[in-house]
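Take a look at the structure set out below.
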Amino acid sequence: MNVDQLTKLLEDVKNHECEVNTALELLKTLPYEDLSYAKVDHHRELRNGYPEVIYSPGKSLNQIKGIVENMLTRSTGNILASRAERDVFDTIKSITPDAIYYEEARSVVVKREEYKTTEDYILVVTAGTSDIPVAEEAAVTAMVMGNQVKRLYDVGVAGIHRLLGNVPIINHAKVIIVVAGMEGALASVVGGLTDKPIVAVPTSIGYGASFGGISALLGMLTSCASGIGVVNIDNGFGAACMASKINKL
Amino acid sequence: MNVDQLTKLLEDVKNHECEVNTALELLKTLPYEDLSYAKVDHHRELRNGYPEVIYSPGKSLNQIKGIVENMLTRSTGNILASRAERDVFDTIKSITPDAIYYEEARSVVVKREEYKTTEDYILVVTAGTSDIPVAEEAAVTAMVMGNQVKRLYDVGVAGIHRLLGNVPIINHAKVIIVVAGMEGALASVVGGLTDKPIVAVPTSIGYGASFGGISALLGMLTSCASGIGVVNIDNGFGAACMASKINKL
Amino acid sequence: MNVDQLTKLLEDVKNHECEVNTALELLKTLPYEDLSYAKVDHHRELRNGYPEVIYSPGKSLNQIKGIVENMLTRSTGNILASRAERDVFDTIKSITPDAIYYEEARSVVVKREEYKTTEDYILVVTAGTSDIPVAEEAAVTAMVMGNQVKRLYDVGVAGIHRLLGNVPIINHAKVIIVVAGMEGALASVVGGLTDKPIVAVPTSIGYGASFGGISALLGMLTSCASGIGVVNIDNGFGAACMASKINKL
Amino acid sequence: MNVDQLTKLLEDVKNHECEVNTALELLKTLPYEDLSYAKVDHHRELRNGYPEVIYSPGKSLNQIKGIVENMLTRSTGNILASRAERDVFDTIKSITPDAIYYEEARSVVVKREEYKTTEDYILVVTAGTSDIPVAEEAAVTAMVMGNQVKRLYDVGVAGIHRLLGNVPIINHAKVIIVVAGMEGALASVVGGLTDKPIVAVPTSIGYGASFGGISALLGMLTSCASGIGVVNIDNGFGAACMASKINKL
Amino acid sequence: MNVDQLTKLLEDVKNHECEVNTALELLKTLPYEDLSYAKVDHHRELRNGYPEVIYSPGKSLNQIKGIVENMLTRSTGNILASRAERDVFDTIKSITPDAIYYEEARSVVVKREEYKTTEDYILVVTAGTSDIPVAEEAAVTAMVMGNQVKRLYDVGVAGIHRLLGNVPIINHAKVIIVVAGMEGALASVVGGLTDKPIVAVPTSIGYGASFGGISALLGMLTSCASGIGVVNIDNGFGAACMASKINKL
Amino acid sequence: MNVDQLTKLLEDVKNHECEVNTALELLKTLPYEDLSYAKVDHHRELRNGYPEVIYSPGKSLNQIKGIVENMLTRSTGNILASRAERDVFDTIKSITPDAIYYEEARSVVVKREEYKTTEDYILVVTAGTSDIPVAEEAAVTAMVMGNQVKRLYDVGVAGIHRLLGNVPIINHAKVIIVVAGMEGALASVVGGLTDKPIVAVPTSIGYGASFGGISALLGMLTSCASGIGVVNIDNGFGAACMASKINKL
Amino acid sequence: MNVDQLTKLLEDVKNHECEVNTALELLKTLPYEDLSYAKVDHHRELRNGYPEVIYSPGKSLNQIKGIVENMLTRSTGNILASRAERDVFDTIKSITPDAIYYEEARSVVVKREEYKTTEDYILVVTAGTSDIPVAEEAAVTAMVMGNQVKRLYDVGVAGIHRLLGNVPIINHAKVIIVVAGMEGALASVVGGLTDKPIVAVPTSIGYGASFGGISALLGMLTSCASGIGVVNIDNGFGAACMASKINKL
Amino acid sequence: MNVDQLTKLLEDVKNHECEVNTALELLKTLPYEDLSYAKVDHHRELRNGYPEVIYSPGKSLNQIKGIVENMLTRSTGNILASRAERDVFDTIKSITPDAIYYEEARSVVVKREEYKTTEDYILVVTAGTSDIPVAEEAAVTAMVMGNQVKRLYDVGVAGIHRLLGNVPIINHAKVIIVVAGMEGALASVVGGLTDKPIVAVPTSIGYGASFGGISALLGMLTSCASGIGVVNIDNGFGAACMASKINKL
């Protein structure tokens, strides 16, 4: 609730177009739904431009069912469940036939309206084949948020000609998501080749001193190329949120 | 050197408008200057849209002098020296009268042309007073890169009304840089209030379990608010690069 | 055994109302029961105001059975087994029909007398739905210890209006337990809104740079809001102990 | 601003006893003072029951002077500057003769009214002599906040009879602050001796595997004694805030 | 091979009582048996006073079988396999009927001669019931190495009277093994009560900030009580080796 | 594509022996095959002297099948799949009868031509029996790359005579791979015995403070013996690459 | 106060040979002296067999002076101040002429009686020259505690013949203190050569991945040689305490 | 002392050409000199092919003087003191006029014979200007060990054309030392461009999440390019030892 809305509300109270109790109620109970175990936030789309999103881990199937049912009755937009194993998909599918499962991306979409698509595109790049699931989480999320998405996979720096042969698709993107595990050097190299903003996603791919993605994370944070924003390890979803915000400016 | 330039070069060779040796030389020695201890990269501005930048730590005053002198003769744009202590400023000032020292930001600018300025603005927000030096590094860098910059300082979450009273300036920005030490929670709260892209800078402010900024860094990486890109601890410069790229889209 | 008791014992010895050997025995074998693999501490309730508690992990079902049987014969109060999987419940249920399983809280209570309840209440707050099991461990423990408990779940800072709409229930509590994973920022924000003591519980909810709760732990320890006491990751039980001690003052 | 105040304000607007613009202003600019580099929060005392506090590190002497001057004109209570080196004291003393320096505690108090004092006392306990500066920060802070404070220093567990000889002063306290470095075992032992809430402060005393207080911090967080709330390493101030909130219940 | 043996060998060569080739062979192939995947070290008992020991993890059952068979033919002493799951026991039992399985200690002994026993005893102390498996590994190992062993289990510092009631058995030991997880404070408290050497074993018991035994390890290393030697996390075997060496002096 | 090849290509363009478009294509699409999920790099053998290698983890069986099929049609050399579980072998075996499974080494080789072998040998040394799987990965990889390989297993420093009895085989090697877990001291001791280059591989063998190989890794990096190059934990493959490059000089 | 003493005291109370108040006083105020900032523990020598020891860091010179003065009047034994810089020595020397400064060991001894000396000796071994200060702290401490001490310095494993040439002095010791930085491998190698108990002291010597002694610490904890007890980084004092307890058995 | 030498010695003893005592002495006291604080190892050059080297930190100027004097009288080769501050140089220069100070490399050489030089060269590459001191330590060390050395500085991946323009000098080297701080990505990129062995040196250049070189270290260890051997952070000396051993094969 921004200042303009607050001004309007106060004017209404002054003009007796709104009861004090009603105003109080509005101010107290901003638009979320209380399921006791979850406060479903119907307001977020307005505020953040996202679809309603359910982060699946740690929620019981019953809780997910309850949240989706509430969303289905209260809003008309698409719904995204991230980090969803197949049983989450089955649960949602049992409520609504609109559920689609993007398996590699571990994402369920309840598709109730066509995805919009931007003219500019987000490019999703990976260093290796093993980074693709995280990249797909980013790509599907960005698509659901209404972005055009292109993919460039397995172009890690150990065979740098694979990357150099693809400079045009990099430079024509509006924003680039770089997904890499191990030492994460791909973010630095792409960062040196382009003037586009880069969202870097370290992945947990690797072993030993990769420490579950810490090496890639640190490498991206300390990149000698400037202008790289880093998100959490394996966080394809968050990278897509950041990239989508940028792409839609 | 992008594909278009490569095509043109090859055409020139074919049409005998360019000697093979010349082409080879061009392909081998892309536009940087070799000072043996430094390869000054005059190409970067074209490629990345930045001024030429010198990262000062670990370079001797003589090396910095040599690099600036080379830049002064080879290009006409502004020059930025980051993380510059006063002796770096004195060294540069002794070569050119155009040097300006932004002390709190630890930045030297050799200002040879007026800063450009965008219509949209980058907002730089800090949690506390102690975070201001890092914020100023970001603000000065962004300014030198040609952006309009606004500041909102000392609005940490322990007194959240200070932040809530400033929602409009947050929502009217095109991109927001959030600078915070300790637990870095400000990034999450701002992230929940706006749909603008956020570049988060953890600072080394704090003691004990702050671990020199690690707590803030981890807090920003794991934020429950999506769409936050994180840069290195105290890296106001990098945040400004990212924000400037976004602001100029 | 405090100084008054010691004085009394010495007086008794002096007055030959207590044999030296008896006194020696008393001083040597303060009231615990030796099962060789466990020293059951019947004294703790007097000393600490707690029910007798069994921390289940690392104990065999036989050992748990032995400890409960000993407690059942030696005291009459309620018994709490924490971190109890269903087989622990089954084992205890096989000895006594008074066993109740609070599944989400992973807690077994042998309820031999009604729970007492305080006039003031402890408020248990969570950032997300996934934090609820830890919160329930705290809530059930606090209830068994004789406290009135209220719950406020899923009010994380990414949608801060959900929290601001619940300020009264926060301010009317006597002590507040804040349960949050990821970056744990909720503790800071609640800490800035109220003058009540806060016990913060970081949870292991999250992935990647959450490092199993370390991010939340560090964030709570370095909170810019003062007056927050932090317990171990996922330690709902310990938070309830602290809150109960405070609530009963 | 709580719900009652919000109701009253809305009523006033309705009854035309308060202009919309005035209400808006009030809602927008809750009582803090904007010095650009600092938003001085005069509201905090009401909200949290604290004096106004300045955390000194990272602030320039000019900034501290500005903040204190603002506080002196806008409120009448005591002012506390924590982590204050002598030059901070000198700066404040130059503005007001009421400044007192508690050197060991590194705390400056501008004492404009007598300290209140509670009937119940907070007990501050240290493991060693080297922990005393942190303990004094806690003791002075608690005193300024209006609490009766008692001290029990150098009673670490390596000579446990020193502690056992002082059980009564421990048991008669309302809340206990345990300050310990190295392995921090004192918190566990005190926790096993009493049913009073304990606020534990790990200190950076020690070397090698003490890792600047991490060992003590981890030891306190994983204590086998329940009901211990831990604050940041060396954070005597925060421990006093927590203890004061509890002591005043 | 010590200097005396070397002198003797050289004398023999000089006196032609030993061929050069033989001496060379002896010097080259000190007494171990080469199974290609293992060099069985029959010399260790002479050198270190231990039985032959097999560390089971990472060895295939076939390799363990081969090693035991070799030992059975080449020496006559007892054999100990540590960290042995039941299948290791079954494998060894299939070769020799002398195999005994100490299940809680995860130790297999091929008992071919009676255990010797010392007059002085090693005391094994644990903080909790969950630490017993590690303690039993220590106790069984010490027993096999020919020591008298006594046990004192579940005397952690949260109920310090349980420990203080057992001071005599502590003070009459020759060396004490303290086994504790969580914060490991028991080592410090026992260290303050006695002048006997203490071997401390941190265990991985605990959760969250216990970090698999790191908290206990750090706590023991930084103990305020001097004269404590620490071994690896859960290393009951190593503690017994150290204690046995001391007990037999 | 090196400078000579670039010169030749430019000459061809100049002499109209190569079309501009063709040259552009060549420069853009250096010799790799795009399977969308993988860019198969047929160029690597030329560039690095390796066989084509597939790192198996994180790739689906379908992806591995696709990659191998592509390799089989496009090149004639041997193919190595590292970190291959049995199902990977079965998948490859179903395509080509030339697949061999080295189980302990977790390596699949599609052997289409005889392994070459060098006159000089690489020596692979392990500290213990449990380190053998990593050593075998190194040995098999080195063999496939055309090196003579010798093995010296289970010669850890706790029985240093086992090592000293094998000095000649160490000193006659051209390069030595030392594989050790726990504290990794074997690298230091071998490093002090020989003037040959040493590639050290820390293994994850050990428990507790071994931290999955970190102790061995740090020990090897900080070795008091100079001239040791360290690879990632358990990285037998990488050690063989390094050793093979050296052996073939 | 052990059980025998307690029995005697109780008998005295019973026989009216000791007043209740006197007994109470004795039980309450075990023999330490309360200087408010320090509880000087005159009892420790009896209990632990040590001289009175002052750990200097974190204590003001005035506090050290006060503690020494108290010790001088209350006991007659030697006094040791560890980790003492020269100003600590000067302060103590100003009170008593018996103060001696062992500079390399950073130890002050107030020598009021001749050091006793054992027949068996403690051997102190170092890997390098840089480890000597820590070794000297151990050697001086052990000497003051009444032990015969021998030294063997700079015998690190990179030149293992230096160590092998000194096997006899190692094997004739009763207990061995091994002092080593970097990777700390010396402890493992000595542990493999002897059956004597080893106390290992990691030192902070080294750089980079030595991490201030962590590498050596981990290496010693995970040593493949069994029966090594480890103390804190640079803790020569603690090693001497442990070794002295063992040597005097 | 290898097996051949041992055989010869034994033959001599047998033939009475060598006394038993002499042989014993030889076997006991291999060629090092005992200065009590240092065992000077004259044997190392034979064994390892190095000059005699003094690691300066932690040694007093007197100790360094003593060691150099001993070396000057006992051998005739060059002497290298690494990590030498100017006072170390002054000390050595005061003994011998042959001392030369390579300031940037922090290395002192006592040059008593001309440096040898190989036909093949070692290439030392740095990512930035700030990495040069570590690179120079490597270059000077390699030169003193008799290698031809070439340098390629400031070719980090953020401006990858600077590196690609220098492929020939990379490919013509026999072994390459890559020196890089921050994320250390240069090692991966060079590793993908060449089939020569690479010794990677992480540097402590950077700030924040560089953690004093840990990011670069982890990045190099987990490089997606195979065949890279990593040395300790800032360890230019060790890299030169490894490279020299390889270059001289």
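First chain written, first letter: the chains are A, B, C, D, E, F, G and H, and each begins at residue 1.
By definition in this document, a contact is a pair of C-beta atoms (placed from the backbone, for glycine too) under 8 Å apart; a residue touches a chain by one contact, two chains touch by 3 or more.
Since the structure is predicted, the reported quantities are computational estimates derived from the model, not experimental observations.
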Interchain contact steps from chain E to chain F (minimum; 1 if touching): 1
Partner chains shared by chain G and chain H (touch criterion as defined above): E, F
Of all other chains, the one whose Cα centre sits farthest from chain G: A
G-H, B-C or A-H - pair sharing over half of the E-F contact pairs: G-H
Distance from chain G to chain B - Cα centre to Cα centre, in angstrom: 53
Chain F-chain G separation of Cα centroids, rounded to whole Å: 49
Between chain C and chain A, distance of the C-alpha-averaged centres to the nearest whole Å: 38
Cα-centroid distance, chain B relative to chain F, in whole angstrom: 40
Residues of chain F whose C-beta touches two or more other chains: 3, 27-28, 128, 159, 192-193, 208-210, 217, 221-222, 226, 232-233
Inter-chain touch pairs (all): A-B, A-C, A-D, A-F, A-H, B-C, B-D, B-F, B-H, C-D, C-E, C-G, D-E, D-G, E-F, E-G, E-H, F-G, F-H, G-H
List of chain G residues in touch with chain H within their complex: 128-132, 151, 153-155, 159, 161-162, 164-165, 205, 207-210
Interfacial residue positions of chain H with respect to chain E in the complex: 3, 6-7, 10-11, 13-14, 16, 20, 23-24, 27-28
Complex contacts: residues of chain B adjacent to chain C: 127-128, 156-160, 182-185, 188-189, 191-193, 206, 208-211, 214-216, 218-226
Parts of chain D lying in touch with chain C, wherever the complex brings them together: 2-3, 47-50, 53, 167-168, 171, 174-175, 192-197, 199, 217, 221-222, 226-233, 237-238, 241-242, 244-246, 249
Interfacial residue positions of chain C with respect to chain E in the complex: 1, 27-30, 32, 36-39, 41, 43-44, 55, 57-59, 63, 202, 204, 212-213, 217, 232-235
